[in-house]
Structures are given as C-alpha cells and as structure tokens.
C-alpha cells in the first residue's frame, strides 16, 4: 500500500478512506469506518487519537476480537507465509524469521502457554524490541492477570498502529514513534574531534550472539554522518559499540606503547526507551577514556 | 629442584654450587662453573650479573652452542616429553601445550623457517608472552639479520635465566622480573569505593578466543584482595576486564533504567611491559564511566 | 555610519562607494578608491580580498603611512576624545577606556618604547584581545625586528578592517571573524542534561582581577539559550566558568553531604583562537566531574 | 604538659594519675578521679570510654557545670589571655585569635544570644571546624531546644576530650580522631603519574577570603610526599586545591596552545567528615581533566 497525505485522506470519499486505512488495525477495518465521519483531521495525532478512542469506546468483546486477530509471533502462520504484509515485515525486522530450531521451539512453547492462560495471542510491537527483549516480555507478561494483560495487549496494538500510520500517512506533524542513536568521538589528548575512527554497532543477544547492525567512520566533527539508528523505534535490547581508536592514534603519529594500550574500545549498553535519543559519546586519549549517556 | 638461599650458595663447596645452579642456563653448567670462584655474591643481582657477564665474555661459538641448547617452541620435543623440566613448565604457562593442529602447524612452519635462516632455534622467554604475542615476535624476528638476531636471542636467554634464578634462589634482593595487574572500582554517584563488584579477567587471542584467567569480587575498598596478576611477568598480549556493575547498582537500590544502561563494563587493553605495574581502575555511575592506565 | 548591502555597494556611483567604505582603513580612503573600479564584488570575501591586495600592491611608504594613521592604544588621543568613532569603540571593548593610573602608565611606557624602536604606533586588533593579552603582545612584538614587525602590524590592520567590513556590509557570505563560546552541563548520576544550573563567565586578568562578562542558567537541554560569547571574536585571554552545581543537586533531592562536596565548580581556561568555537562542557555528579575542550 | 604512656598511667598512684589527666575535661578533675579506681585500662579507647561514661552517669547539674566550665569562643577571656593552655591552642588553630573587628562582634553577638537562650556557653570542638563552619554551627544550634542542645554540647565536650587524650597519652591503640586529605595527579595523555606538579591548598571562607594552608609538588608517583592534611581532624569547611598543570605540560615538550588551555586547575570542595580520608585526585591532559572523591 502506498503512502497517502493527510489532506487527501480528509478529502476522499468514505469508501476510499476505509480502503486506505482499513488495514491499520489487523483484520479490523471497522476502526477506520468508525472514524471516517469525524473528518477532517487537522493532524496525524488527532487521527490516531480518534482511532484509539474508537477502540476504547467499543465493547470488551470487540476489543478481544481485535487482539485475537493478531498472529502468533514466530508462529506457524509466519512459517506458512499466511501473515498480513505488515505483520510479515514487522516480525522479520526483529529477526523472528530466522530463528534456530531451539528458538522456534521456545516461541512455540511460550505461545501455547500464553494462549492457554489468556485465550488470545501474545501481541507485542516487535519493532520496539530485539529478540531477547521479546522473550523477556513474554515471560513477564505470562505473570499478569487477564485484566492487566488485556490492557497491555491493547497498548501494544496501539503502538503497532502508530508505527503503521506514521509510515502510511504523510502529515505536517509526526507521531512520536522514532528514536535515535548517535555517537561522537573526541580526542582529549589534542582537544579536537577524532576524525576517521572506524566504529561498529552490534546487537547482543542473551544467548551471547553478536549481530552487526551498523558500521561507520567518524567525520571531521568526530560524529557519524547519520545517526547509527534513526527513523524507527530503537529496539529495546543490549548493544555494543566498538571504536577502533588504536588505528586512529597510530595515524596521529604520537609515540605509543607496542602493542597499543587501547586498540578497540568496546562500550556495552542497553536501550530501554525506544522513542528516545540515546547519545553515547567517547572521550579518549591513548591511555584513558570516558563514555556516558549524553544528550 | 628446591629453593636455596643466597647465603647457602655462598658457603657450599663448588660442586654443590654447580649442582644448585648448573641448570639455570639450558644444558650449560659451564656458566655456573665460570662464576663459582667469584663468590661470595652480596646480592642476587650480582650473581645474575656475573653469570650474564661470563656468557658475554665467552666466545661466539660458545654463545651459539648455548642458544642451540634450547628446544623448539611447541616442537616435537615438547610433544615427545623430552624437554627439561623448566622448559616444559615455561611452555605450558603460555598455552603452548594445548595448541590446535593449525597452531601446531604454524609453529612448525615458523620454527623451520627460522632454523633455515639463522641455523639456531627460536628462543624467547615465553613467560613474558601470550601465544599471540609469541607468534608476532616470531614473525618480526624472522626479518632480522643474523647479528641482530643473535643479540636478541641472547637477551631472551638472559630473561629466562633471570626468572629461573628468581625462583631458585632466596635472597634479600629480588630481580625485577615481576609485574602486577590491579584494578579499583569507584562509584562516582556515591563518592565511595564500589564493594562487591564481580569481575573477570580474560586473555584475548588474535584468533578471537577468550580465556578466563582471573575472577574476583571487589572488597570494601573497591579493590581486589590480591592483584589480578602478580609474582610473575605480565604476559604481553591483549586482555579484557569485565566488571558486573549492573548487579552492583541494583543492590544500591537507586531507581534505574530497565534494562540497565550499563550491565557489564568491558575494558580491553594490552600489556606491553611485563615487568611493570598496570593499574586499570573504573570510575562508574549508572550512566557514565571512565577508565585509564593508573598508577 | 549605517549598514549597507553588498548589492547596493555594487550599484552606487563611485563617490558613494568611497563614502561608504572610505573609513574602513584608518585615515586611508585611497584603499576604497583603489578598488571601486573592480566592482561588482560577488562576495564580501572578494571585496575584502581586493582591498587588502590594493594595500599590499601599494609601495612601502604608503603602507607605512597607513600604519602611522592609527592612534596609540590607550594613548593621549583616547583620553582627549579625538579618536575616530571606530577606534573609540574598539578600544573601549577591551577595557582600555577604564585603565588604572598604573596601567595607563604601563601603556604609555610601552607606546614610547615601541615608537622609539619602530617609528610607528603599535597596531593591534583589540577586539581579539583582553587587556592582559594586549600587554603580552606588546612585549613580544617589541622583540621583533622592523621588517617582521611591519608584517605583523599590517596583518593587524587587515584584521581590524575585516571586522569593520563585517559590521558595515550585509552580504550573503560572512568573513570568518567571529568565534563562539558555549557550554553544556550533563548530570552523570541521572544520565540527563542538568537543567537550571546557574553559571557565570568571568574574565581573569594577569593582575588577578575577575570581571563578570556573562551569566546564564542551563535550559532543559543542559545548554544556555545563547552561546556565552558569540557574534564577535573571542578575546584571547583567561576565563573562569563557575557552575553552581550544589544548588542543582540539592533540588534533585538525593541525600548529600553537608556541606556539599562540590558546591561550585570553577573551570579556568584560556582562549587562544578568537575565531574558533570553544565548547567547555561539564559532566558532573555530586562526587565527580570532568571538563574538556569539546566540539 | 608532656606526653605519658598508657602503661605508666596504669601503674602510677592515684594522685599522679589525676595530675596527668585532671585537665582533660575543662575545669573538671573529678572525671579523672571517678575513673582512677577502674585501672588498668587495656586500651586508650577503654580509658576514654570510662571517662565519658562517668560524665553520663553523673547528675544533670554536674554535666551542666561541666559545660559551663568552658570559655566563650573568641570571647573576652581569649582576648585577655585567661584561657587554659589547651583552649588557647585550640581556638588559635581555627583562626579565632585573628578575627577582624566585625567577626569579633559577630562572635560576641552570637555568644550573647546563645547564653541568653540556654544559660551556658557555646561549646564546640574547634579543631574539627573552620571559622565559617563554626559560625554556621552557631546559628544552627541556636535553633535547638535546650534538651537537644545539652546533648550536642556534651558530644562536643567529648570530642574535645578525645583529641586531648590522643595528644596526651601514648598507647598501642589510637582514638579515631584524625582525618587525612591526599591527592594524586595522573597525566592521561601519557598514562603516567604527573611528577613535579606544583599545587596549593587554600581554605575558603564564606566571606570570600583564601588562606593558603599547604603547598607541595607531586613526586615521581604523582603524589605528595605527605598528605596535605594529616594527624588531626580535617576542619569542616570549603577548600580549593590549585594544580599548576600548565607548567607541567610545558615541560613535557608537547605542542600546546598559546596561551595554554589549562594553566591552573582549581578544584573547590568541602570537607564534611573530619575523621575521614578525603582523596581528591586529578586526571589531566592538556585539554581535559576529571576529579572526584576517591579512596
């Protein structure tokens, strides 16, 4: 489905409006139908607000059906290729399309336990999570009682919809669904930005895997030309930034130890707030460094 | 061979003196014989000095024979168990007794090239090196010309002897053959030493292996009760210190992000000077840390 | 004299052009006359370039006369009020209009020595200097030989003119004559910008005086709403930034020492490059802080 | 009065014992009398414990008389020279013997208010305080009710006695009455201790005065040969350590800005716990530094 402007959504007839947004809520075009008469929406936020209000105003049965419309995570439907296009893309983004047999079995087990306890599938906005974080959420939410878990599931449905709306609709305003991860390298021995420092960003799983998700080299300002992650939620999870400071200092020509005291600086940190800006700078000399959550 | 005091070495008869120190230089009791008449030695340093002077004063042929008396590193003699006791222990300490077939082949190849070029075996004081560092030295020294390499080999023989003397002889003075690696964790959010921080020291190989070589927990002063490495040369090589600061901060009860921003702080550094003191402290709050070569 | 656009300078008749720029070089309208025929100037930089080239192309006599057209610093003309408007404003900016009797005498002495040695007045672009820095330059340049000093004096004339042009002429481009001093306060105990931190910027003189030159409070981003100095060259000299971090931490409500370990953090630093950006951040917890030249 | 050993105190006759310790409590030899029969005291701590227990066991009248036996701080007796030797030395140590007329008037006013409210003089262990801190305590304690203030006054009497005992009696154990202030300078651009850094310690008063109380130069380990303050309580108050790092870096010969970015690093901090160890290190490169309460 292609992108559409808010202006156009406000001016097309009701059928076209529902056609454009009927798939925002999984298998629930009734939500788009419920808000079509409230047009025009001055902002994307007001459209989103109207849709979530329509869901909240509907009865508990309808909300339960809405939640039930979602597929299992990494479930048989995913393997069989019968998911909606959005669900397929979302699950792939978190790596749920390339699970080991063991992980697949773990998801299968958790899905069964969850459905047995609550009677509906486990819904989570996967774009806000890494694989490890999804598994952790799964286990936590299995401890909930049904009322609390229904609330949680609905919140996740709304998060999924916010991201879908943000992608589908062009509007002057944006929903706050994106985060940003950036870095900066300062050479404290020269008081200047460290240019030309190669760096890598790895996602760490609880199982000890390292997955490379970004690579860059610092520019003349000691920054990367683009944030390491942007234009999407930052997946909750553990990361390692690796800065190849040794090569940088060798190029500066100062007399150094052999081997270098610091060749690579690894910084392991976790993201907890997907919609925030995380700035993780490095202040470094050949013999010392500092890092911190900056701003 | 058991430990002996310098006093006793100074007072026993010449036969006993040579029996006690004849194996300091590999297959070369003549060095002990050469210095026995110079007794008494007021210090261990003067004994060491006399022995190395005797070697330097001997002819080039004799020095070459001395070097040739050393076994190949990780060679067939090691596999066959025909090394001297000292050589066996020294090679095992650097992990040369547990090489993969590939590594064994690499050593074999380097030994052959080296012998072919210089006509004597590659001698290195292995207790001052990690496996990766030995391989790097091997490749560097293969670039030497024969005169330079003879000097280097003799220096290494002397380093081996210094360590053997230090172990064999009790004296009021000590040869400077040991280094020390220590750490300290300070909690900059409370201005106090961080007590109870679990930490690990890993040796990193160029091939990407991690070998755990020490584990500890910080005490009330934020230090470990004993240095992480002491009473031996620090092997030249790459290391990673891992500090489990997340568990520490959770125990302090402050409100923290979930997951924690810093759960484990890894610090990768290299040792270049085996006989030095390396102090690698960590100044850490839940959101920032610094590390450096301290003193 | 009011501001004029580059477009207008390019289109007015020659008389008006010379009227508009005749005072850029002190008592030397001939420089404006020399470049009027080269119009149009596509950029302010090309106009500046043309004027300095005209001076360099003129004979040594003319250049000497140009230098001689400048008044003594803090001299009798200043006291008598007979300086050009530009010179008056420039000298006042560096505090030369409020000298103690002692300082006045020092300037008088240096002016006399300088004139006696070189036969022309000491010219310096005072907006790039503090009072202490001017005195230091005076003493250094007295060591020059005449040829070197003529070059230096001409460079200073050009710097004065660049600043005057930048102020007089509106153009799409700007001459690089301004610097910027900024700060940032990050609370490393919370991982957030420190908002509401009161801070002061003082200029320090060699004589030990402190002159308050800016005051501010950090905003929600831990920055000041405007740079501490901007839109002008940063005067070469010594400064102290004082951050009232104690009041900030008391407001955060954490348990602290009484009295606070850090109530005020003073950071003394010097500016050496008037046209650069100096960023002097503070990373601070109740028990630790770092500062550095950032970017 | 000269020093005496605990052994001797345990073995002399009762008269001599009382003669030796009768002046520990101001004008109250009865405390020494009360404990003489409890000898021998195995430790200095047990002697101190017995004396304070005797005071606590005495009636409220006797305790009030004990408190009343103390002179006014900076009062007329001090000016007239009629204090006990101990009181004179103690008051001089905190600078109470060199007050300005204004300060003398302030103390006079506070003494009068205090006596008017409580009916006894303001007692404070002046060796644990700076002048500013004494004035602050004076104002705080004026807010107490009489019962609380009697307890506070008695605690101060005991602190005074602990210090006097520690000075008078040699024993294998020591009372915990001393603190220590130390520093350390590490050059993070070279990874080595910064040797030869001149430093000063100033006491800062609330009125803005700076009083130099120690000067030193760092040794080869980057430390001062002796702690900056030791063998006494650290006076509660504000301090500034000034490190002349500019001269140090100039001697290292690296290319630096002119003027130097950091010539002097001032660190202002407060001491709140007189019996603690305060370690205030500096990690410094030509363009960055950190400081913190270390250990």
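Order of writing sets the labels: A, B, C and D. Residues in every chain begin at 1.
Everything below uses one rule, namely that a contact is a pair of C-beta atoms (placed from the backbone, for glycine too) under 8 Å apart; a residue touches a chain by one contact, two chains touch by 3 or more.
None of these values were measured; they are calculated from a predicted model.
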Listing by label each chain that touches chain B and chain D gives A, C
Hop count on the shortest chain-contact route linking chain B and chain C comes to 1
Interface of copies chain C and chain D: same or different residues on the two sides (over or under half shared)? same
Max Cα-centre separation from chain B goes to chain C
Expressed in whole Å, how far the mean CA point of chain A lies from that of chain B is 47
Cα centre of chain A to Cα centre of chain D, whole Å, reads 57
Each of the following residues of chain A touches two or more other chains, namely 188, 191, 257, 261, 283, 287-288, 290, 292-293
Within the complex, chain B is touched by chain D residues 184, 186, 188, 191-193, 221-222, 283, 290, 292-295
Chain B contacts chain C in the complex at 188-191, 257, 261, 283, 285-288, 290
Listed in rising order, the residues of chain A that touch chain B in the complex are 133, 236-238, 257-266, 268-270, 272-273, 287-293
